[in-house]
Each structure stands twice: as structure tokens, then as C-alpha cells.
């Protein structure tokens, strides 16, 4: 695409990165809200568009570059191969809408804060692009931590609130611990020859033990960023704390950098893959997915709900990675390609649908100033345009045909179904159970999304302030429409998408679905063979859409269209107040009841004689008490013990030094 | 000749300040002296880089890539600290904490302290090195007790006794070194010259040298602040004036580490084993871990960063202990960036504490609101010291950790836990100080934030791009250390 | 075995030094402590002079003179003046169990001898066994510093440690190069000077030189 | 795609549309007989539909467009689902577009829409129904998927046609896995179609109703479409059951000759299945709503066990 200008895709990508950085600086220099919102952010969207285009062009070819920065013997190596191009494509495509949305969303922010935010926003974008581009461990880590740092400052935009500070702290802490683990993983992979380039790591053969260590460290490190259990604690805190476009970017794009990292390390940098890595990832992914969706079902804060839903989706993606690894380890490359395709597809889908939903919550937040689900209701009447866009989002998120969420789940389930025949009996047993759990998670996602949409948009308004809600602005809608288009296009034309994903699967597992996926044309998606499985979303859409239309027409034609408006019937109940609807807590109640052993529920049940009864229930993460609190306690205990060493008496200090001396003398003797 | 200027200016300055330290423009004069020292050291540096190592005055002074780099660093940080102390000390005076005579003492001792450090770095004689270290202790003891408060006296007392005793061990180590060397080199002047020792190091008696190294390590290690010999360090940092904390953390600890590394080179040569390295690694690791857990319970901001210095000195000791081109390179780099960053942090912390009127972290709030420069300086400095890229501290930690991961994987859990705990402790507190609603009030003099951002910019540069000549310089030093 | 008289004398001095170190370890009264310190200095100067005589190292005479000046005359005088000025002449140390300390000291001596044994084997000097004693007295002084609760005895312990070091330097190695020795002497002098100032400041700030008052800076 | 295939598809489309209420009528009639009532006759559902279509629609004041659109979407989904299941012949051109997973997806789509519509008015019953429906759904959906997976793994395909062809073609083998699956499927069928013991389609009792609670606010043509969709759903489930567990006698490919036999056989199967359903419904009591998750959980467990059994015993 860019060849005629004598540019490689990687040059274009780098150009966009620089362009973003310049935009960020310009924003800092401008100090003018209106200009930044209406000028910088749309330009940033153009950058994203160019980036996506370059990445699309870069899918098929490998290009490298070296920047004269970095360590003395290790300049920044950059490489645009299929895997990075795919994720850059994801970044570019998803950030278009976010940038356009931001143009509307931030226009009323205080200039000083906005200019700072603009800088951090663009550094965040640029560092994510560089994470994908990096071809040596040092550059990767620099980009990785810059990303964490810039997003930390974005999360703490509203730092006057203690909750926000706490969220930011937790976020950066977990991210940093993860980063150290990643660093150590690179340390294992560079295997002592001091060459930190990825190409050197690719050519290093590690023993199974060390390869496993590297993999586990990477899984831990990247998992901390992705929100894989039990490192997920930051996610439901940080996403609600951040401004909505930032949440969208973090959830939609940043989490994928971790996925990228896991894929890069496990399938590209390590030359051996052991099957149990896959089984481990699979199990972890399932637990994460189920955990996320169950907690999403009981949330009462709309952004927390979406954050937990992100945990679920990351879990699903990890399941895909696990399957890929299992197949790859057993040299079932076709199946590995299928599972990998599903993984990548889901990552792409999630970028669009979750960003869309987060952006939507931003509009709602602006219109109502509320995040608590218990205060909403009936917004479909106040914000009809937003409601339509969000409907697409929740349907996609719930994994319903013919939208995109379904495609990737379909592919993943196909991969599960085709897995029998693995040379390992336990795995064969694990796989159906895993498929069942995955199906359960997917079904629960439907529950969550119905709750989300129903409580916010449908029913009667639960709060009087909602009367003043206004619909999303033009820029905001344009941004969200970009996302909606993405969701629909990805849902309707899977065969076309998979043709592009093939570059990645070809690179990582040396097999692609291309030959079979589109063998019956772009209309039908047939990952292996038409007889084994096929799916035609466009046909589905046409039939359901057409069927509905025909029905409407027929009903209108054959009968009549008479319609009266009246009060709701509700089995004859006379009083119809908004308080009679299910609250968000109420809607989640069955899930809470079923999975109560799973969570830490604090309830306040009103007494029967209370005239104004208020039920209050809070659900906490049990892992917090099981995992994080003990760590904190141990830390404190050790801290106290260590603290006793420093008790102010100089004699004891002398004694330490004396004993140290004696011990060393004894030692060398 | 440059060496003469490098040493002469601060020595002369110290005497001058003792006389003229009460004048109104004494602070500016102080900065000017430090600047001259810096210029002289820069000239010296260029000469060494272009012309290679040389020694003068009967080989009593010796300059190679290793020490000239520390000389340049010391002179530079000495200069920026003098810039910082100009408004800082004026504010302290304004707040009534210091009298004019104390200021005279401060400026005089500041210059002498610079002199002793530079002497320790430039001398070729292990004995003089010891003398200079002891002298550095003595000058800083007076600086630490500058405020004459009970707390500062206590801190200074502990500092004096602990470091005095520690350095006595180092002297014993030096004597043992001499004892071993005189067999080969003969009694007299040359037997303590490092260059000569270095030439004959393989012939030195291993048992004596291992014994000597233990004493040297314990001795200078006290000065480095290695756990469990570190107990003076937090007190001295917390109770002294902030510029002193900055140079203590940023420079003096480095010089002590320099002494240990010089000794290690000799011992390694004599022993042919990795004993010295292993001891250093053990000390380093212990320091990192213990400092991390100490960090978790700090209330005083300067004390906290003092523990952070212990942690980082531990990391450097660990790196030098590991040895090998990458780790040694990383250790040198870490010395540089730690000096720059930690002194920048102390500058910011000093002003923050002045703004809030306390060093207790719970009473320092919302710095970004009232003075964005102090707030951002502290925030960025803290993030840098915590090893966040793209700052240079990360660069060296990257190399240290990846090397350690490969060579000594068992150290990894300790390092991971320690770095994590340290991060949580420092970062959580920094966030509270920087963000949120403010408690501060205006300062009577504008804060000196240029040094802070100058240092941070350099650290940022080192994180992203190490200039080739600097890298060569480090490499030469690495080759020397081995 | 035919050991020259000077060597015997030096060994004798070494033994005496060790004895004094033990005596200091068990001494409760500050004044006697200072006197013991002066005595130690005297023996040190004597033995240095002896070494200078035997080995024909002339600079060691300067060292001996320096020691005599500094450690026998100046420092004890300064200390005497100090305690008179600060009026702490009658301070009595409360120490914990002296026999225990002595036992620990004994163990230290054995340890030090053990440590120095292989080195003494190869020492070419006439005074090869002195290294162990020097090390022992350094360690004993260290122990003394640990067990003292008042500031002045602690400082005396510190100075005694310097004496031990000096003994090691002269007897085991015929003395360090002159530059170094001068430097060390200067440091000791300046250190004492600073300490003197310090004592006054501490006295003003705490009303006492008892180290128990200086336990405020700690982790709490 | 041959014309005969198109013809088959068209025939099936029309047939399911027309036959669905009849099946419902038959079941209701059976229930009546079993309960010693005379019953309203098998054609009563048709009469109901016609009556509803003729009425004026009444909408609540705050009904949104979503509320109005839902019956049509629901109807289209169910129609599609019912039309996809190969019951008479296995040569259906629409079938490749929708495999078993997509089929489950279509059911889920319909469920989400009806649940959303139920919440739209903001009545107590509506949201209660929606919540319960989603509760049932989130357990029923994976169970159904697992049942279908059992069949898919046997036939190595998720395409309904291949499944049916494989199962019909194979020698009669008693698959233990399919037994588990059959039981699970039957439980899912009961739950998904709002039958006793999970739900009771013929009462409006607030404590128990699920499906009816959701459609309380619908009237006239909207209600008619919803009811018709329910009938279609029941038919679809019945035919899926037949296709999975008793596929014999289907006209494979576009075999015209086998068609009459297939039609007769299908009618027979449906008759028996309907009667069986009525029998089970009559014999069991409506369970408490809190028991439903356990019931569904059992179904899910059975389905997973079925799949596991397949891997254990049959591969």
C-alpha cells in the first residue's frame, strides 16, 4: 500500500508513533480545551487510521528497523511481523473511535488537566505501538513500562478522590511486579549470552525446565497486566477510576498487549512448547473467565461490571492460547491454527465491543453524573441514539449471532470439539469439561449484558436526576459508530477477517485456515471442512432481519396496525413506581445465591417492621482476602520483625557489625 | 595538573568559606567553587578519555576510567547540590533553624567534604584512600549535626561511632593488604599503591588477602550502608540538612563502594576464586531485602529515601559481586543514575518538607496542587528510582536482573519480592504526598528545581540513549574491574 | 630456640597490650580507663621504637614519637580535661556481668589467634606472632565498645581499637608508609577534636553523656 | 444448491410454521385427557392466535421501540430455528449457514431480546420474569450445547445435517453418552419451553411464573407472535430431540421417494413425543423457583457427563 511512496509499513507505523508524540506535546503546549478536543484528538484518530492501514499492509511481510537509541550494544530493534502487525492493526482500528469519542468527551475539561491528559494519552498510544514493535527485550520493557506509567497517570486523572488514588496505586504496583517477572523471563531466555534481541532468543534452545520457568514467569508477568487470576485485583478498581475513553483504551487495547506478550513469548521466542503449559493456561483461563463473569453479574457499578467482564474475556482468550499451545505441542498444526485464530479473533472483537461499551458508559456518565446502576433506568427514552449503539455492543458482548462476539466463541468451541484424539488421556477428559465451562461463561455473559442494558436503558427511571439526561454528542456518537461498524463487520465477514489472521497463524504455528476457511466463498465460514462445521452470519442476519420484516409486513397487511397506549398492566397491580423494578442487586441476586460460596457477601436485610426498608448487599472478592490480604499481612509482620532490628541502641548496632565481622572471619577460615 | 585543580579548589574553598562563610553571597560563592571543581574535573575527564589513564606525583595519584567517571559524577552532583542548597539553606535560615555561623560551618564543611571524596577517588594509595574516607566521615559528622537538635546529635553520634569503628576495620584490612604486599613489593611507599598492587595481584598471599577483604568489606561496607551494618544511615540522612542527605546518598556511598570494588579487584586476582564476589553478592542481596522491608514501615520521608539508598547500594554491590561485563557495566551505570536520581529526590523532598513544615509523610499532601514543579519532580524522581522506564535506573536494573536471572537464578525470588515490596512502599507514599488535597504553604524563596529536572533529564537520557563515549567510558571501567 | 632479646621484648609488649585490653574491658571507672589507655599508648610507643630499632626502619621512630605525643600525652590530657569540664569524673559504669564479658573476650582471643595462625607462619618479620595479638586487641576493644553505656568509655574503646590497629601496623608490617601514618594521626586528632565539641553539644542537649538518652531514632 | 433442496427448505419453512400450534394443541389436549378434562381441542392454539391478531394492540405509555420490535425478532428467530432442523430431509440449503452452535446462539438471541423487552416497561413482574428467564437460560444454554456436542463428537461435525446423517446411518449402537445426553436434553427442553416442573405456561402466579411474567405487557398481535414463537420453539426443540436421538427414517439428501415415509414417521414421532411430554408434565409438580438452578445444574452435569462418557467409553 505504501510501497509507491518508497515506505515500508514499519516506517509508517513509526511515523505515526512520532506523530502521536508530537500531538501529545502540542496538546501540552496548547493549554486550550477546545482546541485540544476538536483539533488534536481528531488528528490523533487520523493517525490511528493510518496506523491501521500500515499494519494491514504489514501483515504479509516482515520489516525491521533499528533506532539509534537504547543501550550501547543494544539499539532499539523494531520488527513488524504478522503478529505485531495484527496487534497494531487492533490498536489502530480500535483507537480511531476512541480518539473521536474523546474529541467530544473531553471538550469541557479544565485546560491544564486536559493538556496533561492529552500528553499522557498520546504517550500511552505510542508506547503501546512500540510494545508491539519491539524486537529486543530492553526496548520491549521500556515501552511496556512507559505504557504502564502513562496509563497510571491517566487513571489518576481525578486524583482528588482517595478511591482513584488507591486504584492507581494497586494498578501500578501489580503492573510493576508483573513487569519484573517479564524481565526475569527475558533474563532466562537470553540465556547468558548477553544478547537481548528477540532474534537471539529465538535461536536459543532452552532445556524444558528453563523454558517452563520462562513461560511461567511470562504468564505471571503478562497475566498481571491482563488481569488473569489471581492478579486481577487492579482491574475492577482502575477501570472505573479512569475517564471512560481511557477505560476503553485500557480494556480494549492495553489488555491485549499482555495477550500479545504471552503469544510472543510462548509461540515465537521459546522454541519448545510443552503440552502442560497449554493445559495450565487453559485451566487458568477458564477459572478467570468464570470468575470474571460471575462477579460481573453481581456488580452494581456499571464500569466495574464492564471491568469484570473484561476479566472474563481475557480468560476466554487465555483459554484459546492454552488450546493453541496444547495442539501445537502435539503437532496438530491445523487445530492449533484454528484455536489461535479464535484467540486472535476474540482479542480483536473484544477491543471493539468493550471499547464501545466503555465509551457508552462515558456518555452516560456525562449525561447523568452517575455510575451506580441503581440510579438508572429508562435512558432509552432520553438517549435513544446511544441506546441503539449500546444495544449492538451488548449483543456482541453477549456472544450472540450474527455479531462478532459469537464468531470467536464459535471458532473456539469448534477448536474444542475437534480436539479429541490428543495423545494424552487426561487432556481428553479435560477438554470437554473446559468446553462446558466455556459455554457456561458465555451464557452467563448474556445474563450480565441483559442486566447491564436492562437496568440502564430500560424500565422506568429510578432517579429524578435522569430527567435532565441528554443524548450523546456528535463526536461521541461518531466515535461509537466506528466501534459499532467494527462489531458488525467483524461479525458478518468472518471469512474475510480470517484470511488476514492467516498471516499470524502461519507465522506462529506454521499453518493457516485460509485454504479451507473461505473455500465455500466469503459467505460461509468453514474452518476445517464444510461438512464438519460452517457458519454463515450474513445469511443468518438476512434471514432474521428479512423474517422480521416479512412478518411485520404480513401482520400489517393481513390484519391491522391499530395501536393504543395505556398504562402498564402488570397483572393488575395498581401502584407502578420505579422502585418496583428489579434493582441491579436484585437482578444479580440469583447468581449471587448460586455462587455464594464463591464470593464474600455482606448483607443488610431490613427488619420486617421497617417502614422504609432498604436492602443492601455488597459482594466482595474472596480472593482479596485469600491472596492479597495475607501478602499484606506477611509483609507487615516481616516489616515489624525487621523493624525491631533498628531499635536505636548503638550497642546493638555495634554488636551487629561485630557479629558480622566474626561470622565472615569464621566463614573464610 | 588538572588533579591539582580538582583537589585544590575544594580544599582552598573549604578554607575560604571558613573565613568568608558569613558573607551575604557565601552561597553563590560556594556554588561558584563547586562549579570550578566541576569544570576542572570535566577537563580531567576529557583528558583521561582521550589520553588514557595516567598517574602523577610519584604515582600517588592515579586516574583511570573507573575513578574519573566517579570524579566527574561527584563534581557534578556536588555542583548541583550547591545550587540547591543556596535557596534551601536560605529558607532554613528564614525559618530560624540555622544561624549564620552554622551556615559558615556548613559551607566550609561542604567544600572540605567534596575535597575528601575527590581525594579518596583520585588517590592511588590505599592508605590515603582510607584517610580520605575517614576525613569524609569527620566532615559529614559535623554536617549531620548541623541543626544541633537532640535528634541530629544522636544521629551524628551514631554515625561517628559506627562509621569510625567500621573504618577501623577497614584500616586493619588495609594493614593486612600492606602486610601481604610488602612481601612482593618490598616495604615502603609503593606497597600500598593500587597500580602496583594490581600488577602483582596474582602473587599476593591468598589467605591474607581474603582476611583483608573481610575487614575491608565490613569496614567500607559500613560506609556503603550494607545491611546489617547500615544502622547509622537512615538516622544520618533523616536528621542532617537535606543537601547533606543528597550528597551522602548520592556520592559518599558511591565512594565507599568504589573502595570496596578497588579492593575486590586485588582480592580476585590473588584468590582466583569468586569469594569476594560471593560475599558482596550476599551482602548486597541481604541489603536489598532488608531495606525493602524497612521501607514498608517508614513515616519520615527522608528516612524512607535513605532506606531506598541502602536498597540501591545493595543492588550495586550485588551487581559488582556478580561480576562479568554486563553486571559490572550495570553496576557502574547504576552508580551514576542512582546518584543523579537520589539527589534529585532529596532536592524535591527538601522543598516539600519545607513547604509542609515537617518530614512526616502523613502531613505532606497534594504537592502537585500547590507547586507543580516540586510535586512532579518528586513523582518522577520516585518513579525513576523505583526502576520505571524510560528512566536510567531501569536500564541498570534491567541488566542486573537479567544477568542474575541467568547466572544466579536462586536470587530471583528475593529480588522479586524485595523490588515489589520496595515499590509498593515508596510508591504508595509518594502518591499520597503528591496527589490529593494540599497542606503546604508558600516558601519565602523560590525553590531550586533546576537541579532536580536537570538530574531527571540526564537520568531519562541514560534510560533511552547512552552516548557512545559514555558507553566506552563505562566499558573501559568495566574492563578494569573485570 | 634462640630468640633475640628485642623480639622477646616485643612479644612481651604484645602480651602486655593484651593484658591491658582485658583490663580495660573490665574497668568500671572512667579515670582508670583513661589511665589504662595512656599506659597502652606508652607500651605501643615503646614497642614501635623497639621494632624501629630491630628493623632499622627510621620512620618508625617518628611513628613512635607520634604515638607517644598523641596517645600518651595529648589524648589522655584532652580526655582528662573533658571529664573535668563536664564534671563526669565520678561516673561509674554499670555493666553487665564482668566474668561473662571476660569469658567472651577469652573466646575472642582464641579465635583471633586461630585466625592469625596461618598468616603468622608466613610472616617474615621478627614479630610474627604479634598479628594475632593485634587482632585480638582490636576485637576486645570492639567488645568493650559494645558493652559500654556511657559516651566517654565508648570513645576510649574506640581509641584503644586504633591502638590495636597501630600495633598491627608497626609490629606486623614495620609500619605503613609515612604519608599514611601522618594521615591516620591527623584523622585521629581531628576526630578527637570533633568528639570534644560533640561531648559538649551532647551534654547541652541531653544533660548527660549516658548513651541511653540517645535511643530516640529508631523504627517504631 | 438444487431446486429440490430449495423446495424442501420452503416446504419445511411453511410446514413448521403451520404445525407448531398444532403440536402445542396436541400436548395441551393430552394433558387435558391425562388430567381427566375434556380439553379445548387440538385446534385451540390457532383460534387463540386468530383472536389475538384481530384485537387492538395496547402498549404501555413508556414502551420503547425495542419493546415493539421484539415480537418480530423473536418470531423470526424461532422460525429460523425450527426451519433449520432436518426433520423430513437432510438437504436444506439454509443449514450450512447455521450449525448447532449457531442454533444455540439463535435461541440465546431470542432469549436476550425477550428478556430486554420484559424489562422495558419497568414493572415488577417484567423484570422478575427477565431475571428468572436469564437464570434458566444461563444454565440451559451450556447444557444444550453440551448435549449437541456429544452428538457432534460422535459425528465429528457440528453441522446438523451431518450429525443427523451420521446418526441415522450408523448401525444401531447404544451410545451410553447419548442416553445421558437425552435425559439432559429433555430437562433442558422442559426448562426452555416453560413447561412444568420448571414453569407453568397456564398460570399467572407471581411466585412461579417465568415466561408468562415476561410477556404480561404484550397484547394482541404482539402477544400472538410471541405465543406463536413459543410454539415454534417447542417444535424446534422437539425436532432437535428427534433428530439427535431418533433420526431414523429421515429422507436423506433430497430423496423424494423416502419423503412420504419420512412425513408419516415424523408425525408419529412428534405425536409420541408430545404425549410423553404431557405425561411427564402431568406427573410432576411445579418446583420452587429456587430449585430451578439445581434442576438445571443437574441437566448441565448430565450433559457434561454424557460428553465425558463419550470420551471414556466410545473412543
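Quick notes on this structure:
All chains are identified by letter, namely A, B, C and D, in their written order; residue positions are counted from 1 within each chain.
Quick note on the criterion: contacts are C-beta pairs under 8 Å (C-beta built on N, C-alpha and C of every residue); 3 or more make two chains touch, one makes a residue touch a chain.
Everything quoted here is computed from the prediction, not taken from an experiment.
Centrality annotation: A (chain centre taken as mean Cα position, compared with the mean over all protein Cα atoms).
With respect to subunit B, maximal separation of chain centres occurs for D (centres as means of Cα atoms).
One inter-chain figure worth recording: subunit A and subunit B are separated by 43 Å, centre to centre, where each centre is the mean of the chain's CA atoms. Distance between subunit C and subunit D, defined via averaged C-alpha coordinates, is recorded as 99 Å. For the pair subunit B and subunit C, the distance between mean C-alpha positions equals 31 Å.
Centre-to-centre spacing of subunit B and subunit D amounts to 77 Å, using the average Cα coordinate of each chain. Counting partners per residue, subunit B has 157-158, 161, 165, 211, 234, 294, 297 as the residues that reach two or more other chains.
Residues of subunit D found to touch two or more other chains are absent. Shared contact sites, meaning residues of subunit C that touch two or more other chains, fall at 115, 142, 145, 154, 214-217, 219.
A complete list of chain pairs in contact reads A-B, A-C, A-D, B-C. Taken in their complex, subunit C has these residues touching subunit A: 111, 114-115, 139, 142-143, 145-149, 154, 211, 214-220. If you check the complex, the residues on subunit A that touch subunit B are 68-73, 137-138, 141-146, 148-149, 156, 159-160, 162, 165, 168-169, 172-173, 176-177, 180-181, 183-184, 186-188, 190-192, 194, 196, 213, 635-636, 638-640, 642-643, 645-646, 650, 653-654, 656-657, 660-661, 664-665, 668.
Considering their complex, residues 53-54, 56-64, 66, 69, 72-73, 75-77, 79-80, 94, 96-99, 101-102, 105-106, 108-109, 111-112, 115-116, 119-128, 130-132, 134-135, 137-139, 141-142, 145-146, 149, 152-153, 156-159, 162, 204, 206, 216-217, 221, 225, 290, 293, 300, 303-304, 307-308, 310-312, 315 of subunit D touch subunit A. On the side of subunit C, the complex with subunit B involves touching residues 57, 115, 118-119, 122-124, 131, 135, 138, 142, 145, 151, 154, 158, 161-162, 165, 168-169, 172-174, 176-177, 179-180, 183-184, 186-187, 190-191, 194-195, 198, 201-202, 205-206, 214-217, 219.
Those residues of subunit A that touch subunit D in the shared complex are 377-378, 380-381, 387, 391, 395, 398-401, 406, 409-410, 413-414, 416-417, 420-421, 428-429, 431-433, 435-436, 439-440, 442-444, 446-447, 449-451, 453-455, 458-460, 520, 524, 530-537, 539-540, 543-549, 551-552, 555, 558-559, 562-571, 573, 576, 578, 580-582, 586-587, 589-591, 593-594.
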